[in-house]
Amino acid sequence: MKRIVAAILAILIFIVLALAFVKIPFGNINLSDYHYYNPITDKQTSDSVPQHYLVDGKKDTGSTNIVTAVVVDYRGFDTLGEVTVLFLAATGVGSIMYIFEKEKRRKVRRANAVVETASQLLFGFIVLFGAYIFVHGHLTPGGGFPGGAVIASAFLLLYLAYPRFHAEHKTLNVAESLAGLTFVIAGLLGLLISGSFLYNFLPFGVPTYLFSAGIIPVIYVAVGVKVGSELTGIVDAMMGVRE
Amino acid sequence: MMVQPVLLIALPLFFAFLLPLISLWSKKVLKYVVMGVMAFNAILAFIVLIEALKAPIFDIIAGFQPPLGIVLMVGPLGAFIALVINVAAFVISLYSATVTKEPLLKYYMLSLLILMGATGMVLTGDLFNLFVFLEVTSIAAYGLASYNKDRKGFEGALKYVIMGSIGSSFVLIGIAIIYAQLRTLNMLDIATRLGEMDPYTKIVAFVSLFLGFGVEAEMFPLNAWVPETYDGAPHPVSAMFASMSAKSGIFALARVIFTIFAFSNYLWFVVIMGILTVFFGEIIAYVQKNIKRMLAYSSIGQMGMIIMGLGIGTVLSVQGAFFQMFSHAMGKALLFIAAGYMIYAAGTDRMDKMKGIGRNPLIGIPLLIGILSIMGMPPFIGFYGKFYILMGGFQQGYYAIIALFLAASIVEVAYYARFIKIAFEKSERKYPAPNIWVYAPLIIFAIIIVLFGIYPKPVMDILSHVAAFLAGGA
Amino acid sequence: MIPYYYLASIALIVIGIYVVIAKKNLIKIIIGLDLMDTGVNLLLIAIGYVKGGTAPIENANYALYVDPIPQALVLTAIVIGVSVMALALSMVIGLYKNIGTLEIDELRRVKE
Amino acid sequence: MEETGKISRFLYAFIIYTIIWCILIYSPGIDATHYIQEFSVGLIFALIAAALSYRHLSIKGLRNLSPRRIAWAIAYIPVFLWAMIKANLDVAYRVLHPKRPIRPGIVRIRTNLKNPAGKLALANSITLTPGTMTMQIIDDKYYIHWIYVRSEDEVEAGKHIKGNFEKYLEEVFE
Amino acid sequence: MSIAILILQILGYIFIGIGSFFLLLASIGLLRMPDVYNRMQTATKATTLGALSVLFGVGLLDLAWMPMSIVIALFILLTAPVGASALARASYKHGIKLWKESVVDKYKEEKEEE
């Protein structure tokens, strides 16, 4: 009975949404066809928002990678929220898993010797590669979130190879806090210097150079460290207590 | 000095990131830090409200003019709701001092962040940013809902997670539809260029957004999570849900209805959803025996009234809806705090085991004030909300809806009266006395309820800006 | 032209909805939520596509780029989805340790 | 096989990471300022990565970089590649042959290598070469799944499986 | 100059072709082999050489990619066999039997002692 209702509902939603999307062209769009309206100055402008990003993005933010320019600069406030969401998830998981800390310790077997040695050798390289990804967020595809995830995967490898491995909670927390504070303080400095939060107050430098795009690399390094430590914390909490 | 609204968001966030470092130094100061931050935030919100009354504030983030960048759009109404949320958060944070279950550090971080998310939802002027803050609020709420870490808590929180994720998927679908047609995310920009959208697509986008934000606003049909989540959460958290996350959700709904889709042809849909929600809540509340579940269902009913008030769409009824948000935030928070104490004192959550619990005047009087206000009795603040919604309904000629509304109100009066009778009955039983962290919030809320009930003019002055809000302003 | 990318992502979304409503195992429900998330992300990416466009990274050889905003939005949406999944799964772990079952029917039976 | 000092191991890790970073940042037509910026940032990250992992990366530290070892390591590459190509032809033969000529089993062999990295290199080499796959290493014992068992005896099987890998690896790692 | 580039291009495509052939071989091997251990044998070897060959081919197509290709190749050489070994051991520990015509199992004796 429940299945039939669910199926009918699903089909209905499919039809409603599909009809809505039939009217939306796929790929056959010209981004400069749209015009936007600025609610503060009450003026209509000639280009659309994405077109503006693509044409003037490099000038406005100094970043070669326009997606990064959008993520960290134009819509940096969203990214701050996003960082907060991940922080919340880590906090929530930590809070939920707290009860199991006093639980009976789980016995775990040693892993394969091949895996142990390989993970020891690879750990440093993976961390380095994660750092490479988040440092070059404004130049190449990538950025703080993927880079942080790569770093967390290095720790995940250690957890796989050494089932008894524990990351130091205190260190993780401190890294997480400091990285988050860096982001907020960068925003507040922008507020102090120019009167708008998250303003890109550092010099842009020459695009395509590493030291360019103002605060974007700074924020991405902070995000990378934060994401890495948070995901590691989540994995650690979910593994529970082992011996 | 000009206070920028973004500080209301940045400050709790800053301290949420700072708390782990503080806890390394001392764990005892955490709760005072949180109280201090929330009090300071409430003061900031008050200053922002005064500024916003002069002219709506546009706070540009990252220095890009909208719609290129994100902008915070703070009109008088938004600032008012933000103030309500911040005041409620501060008073509830006093009651949070009674939470002793570990890990307290996480509890305080989550409560700061739920405040940040709820404030952000109210202030932001960008559709996707609204979604991000919705997620901040709801993920903080998921964490808090399961904080008790017992079976009830997990079940309620899981239900909340499932409904909340469906809701956020719908919000994203709505955003995708709008963006695909207009290539912009700024609310006012969307509102101005809404005519470029295909009419059918526009309705689909509206319904998606409406249903999505309806989850947080406890709207029928995606509100099955409410009773279990409220029941399973720690007591201060239930109060937070009623007064913070639900209020920001309903304000987001108001934004979707009036600021983005400033069209009146489909408002009957909102009214019907509202009246369904009212009935769903009030009728089930009548048969509840568990006090927190009863309050939760009653909360659904009240939110339905607010949605109805928004849907009727006249200046009077929308004023009523906003007044109702204020009174519900204060009254329900008070009742949940009182319920928390009563469950603790009586050792059970069944109402029939709480005979004579209100005979301690320090509990009884605030409790009575809160219940009368929620029931809509003059001279408490609850009266104005319901009254204006009714008046608005008369103006528009929704007589059948008004009849249903009154019937639901009578049901509400009936079950609250039953509860009053139990609570003030003579009984031999002695209950343990509450401590200062319970008295203080109860009394503060009671004072607010009585004060603005007798002298509603300041609130009415703020609400006189509703006409501009309805016309699609900030 | 039939916008089949849209249809595929909408299909993913409704399959997710079906799974969430019809299935009785909590893990499966969470998989359903993840399906919905994936579908929505795909939808967002699809609306940003411009025929013949390339990734919006400054490149001398191309002049036409796809819309960068949906990509930025999806980045945010993915992180949010991951966070919700992590929380939901840890709640499932907690519930399982409390009761020892993940079937909704059995949950109800244990209640009495 | 004594351990070397911390500093030596740290420097070794640092040098290796710096080299990897240089390869990562290489792109044609890179100009000097750009390169210096990238390189200096790389030094910082190499320091961090080395600090995190130098304890496990090597036992011998800088002595791994002696020219003799590097020469042996380079000499090992063609030997290994040739074995690998043979392995794949072998696989092709077994997969495509209609009768599927296999005679699988798990055998045990022993090794003289003591360095964990050396053991890993031998294990990986064995896995990638004709018909054999390492399943587990316990101390000096290798358990190997052999697709066509020629001998069940430890020494005999060892000769077949290890070939001349062990000689090279001993020079590189011991 | 352009002839050199042309030769490189042709060589690159040849290597990519060889690599693809080995990848195909790996999947045929997956189908033909009787048990999980033998499948792992063919899959690991053939995919590793296939991937290396493709990477080398890509490096030849544009010499600027060569250093990156070599780094990736090193990673594959280091990780693919380790993964195979871990999977094989995990399957063994979970009690997946060897093929019935297998001739010897020295690991079984050791397993009890471990």
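Should a chain be cited, it is by its letter among A, B, C, D and E, assigned in written order, with residues numbered from 1 in that chain.
Note that in this section contacts are C-beta pairs under 8 Å (C-beta built on N, C-alpha and C of every residue); 3 or more make two chains touch, one makes a residue touch a chain.
As the structure is a computational prediction, the values presented were derived from the model and not from experiment.
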{"item": "Touching both chain A and chain B (chains)", "value": "C"}
{"item": "Intersection of the contact lists for chain B and chain E", "value": "A"}
{"item": "Most widely separated chain from chain D, with each centre as the mean of CA atoms", "value": "B"}
{"item": "Centre-to-centre distance between chain C and chain B (centres being mean Cα positions), rounded to whole Å", "value": "28"}
{"item": "Centroid spacing, where centroids are CA-atom means, of chain A and chain C in whole angstrom", "value": "16"}
{"item": "Whole-Å separation of chain centres (CA-atom averages), chain A against chain D", "value": "34"}
{"item": "CA centroid of chain C to CA centroid of chain E, Å", "value": "32"}
{"item": "Where chain C touches two or more other chains at once, by residue number", "value": "13, 17, 47, 67, 69, 76, 80, 83-84, 87, 91, 94"}
{"item": "Sequence positions of chain E contacting 2 or more other chains", "value": "78, 81-82, 85, 89"}
{"item": "Junction residues of chain A, two or more chains touched", "value": "17, 21, 24, 31, 49-50, 53, 75, 78, 81-82, 85, 88-89, 92, 96, 99, 112, 114, 118, 121, 125, 208"}
{"item": "Which pairs of chains touch, using the document's own definition", "value": "A-B, A-C, A-D, A-E, B-C, D-E"}
{"item": "Sites on chain A touched by chain C in the complex", "value": "2-3, 5-7, 9-11, 13-14, 17-18, 21-22, 24-31, 49-50, 53-54, 57-58, 64-67, 69-71, 75, 78-79, 81-82, 85-86, 88-90, 92-93, 96-97, 99-100, 103, 140-141, 143, 145, 207-208, 234, 237-238"}
{"item": "Residues of chain C that touch chain A when the two form their complex", "value": "1, 3, 5-7, 10-11, 13-15, 17-18, 21-22, 46-47, 49-51, 55-58, 65, 67-69, 71-72, 75-76, 79-80, 82-84, 86-87, 89-91, 93-94, 97"}
{"item": "Residues of chain B that touch chain A when the two form their complex", "value": "4, 6-7, 10, 13-14, 16-21, 24, 58-71, 73, 102-103, 106-107, 109-110, 113, 116-117, 120, 125, 128-129, 132-133, 135-136, 139-140, 142-143, 146-147, 149, 173, 177, 180-186, 188-189, 192-193, 198, 200-201, 204-205"}
{"item": "Of chain E, residues touching chain A in the complex", "value": "75, 78-79, 81-82, 85-86, 89"}
{"item": "Residues on chain D engaged by chain A in the complex (per definition of touch)", "value": "13, 17, 20-21, 24-25, 33-34, 37-38, 41, 45-46, 48-50, 52-54, 56-57, 116-117, 119-120, 123, 134, 136-138"}
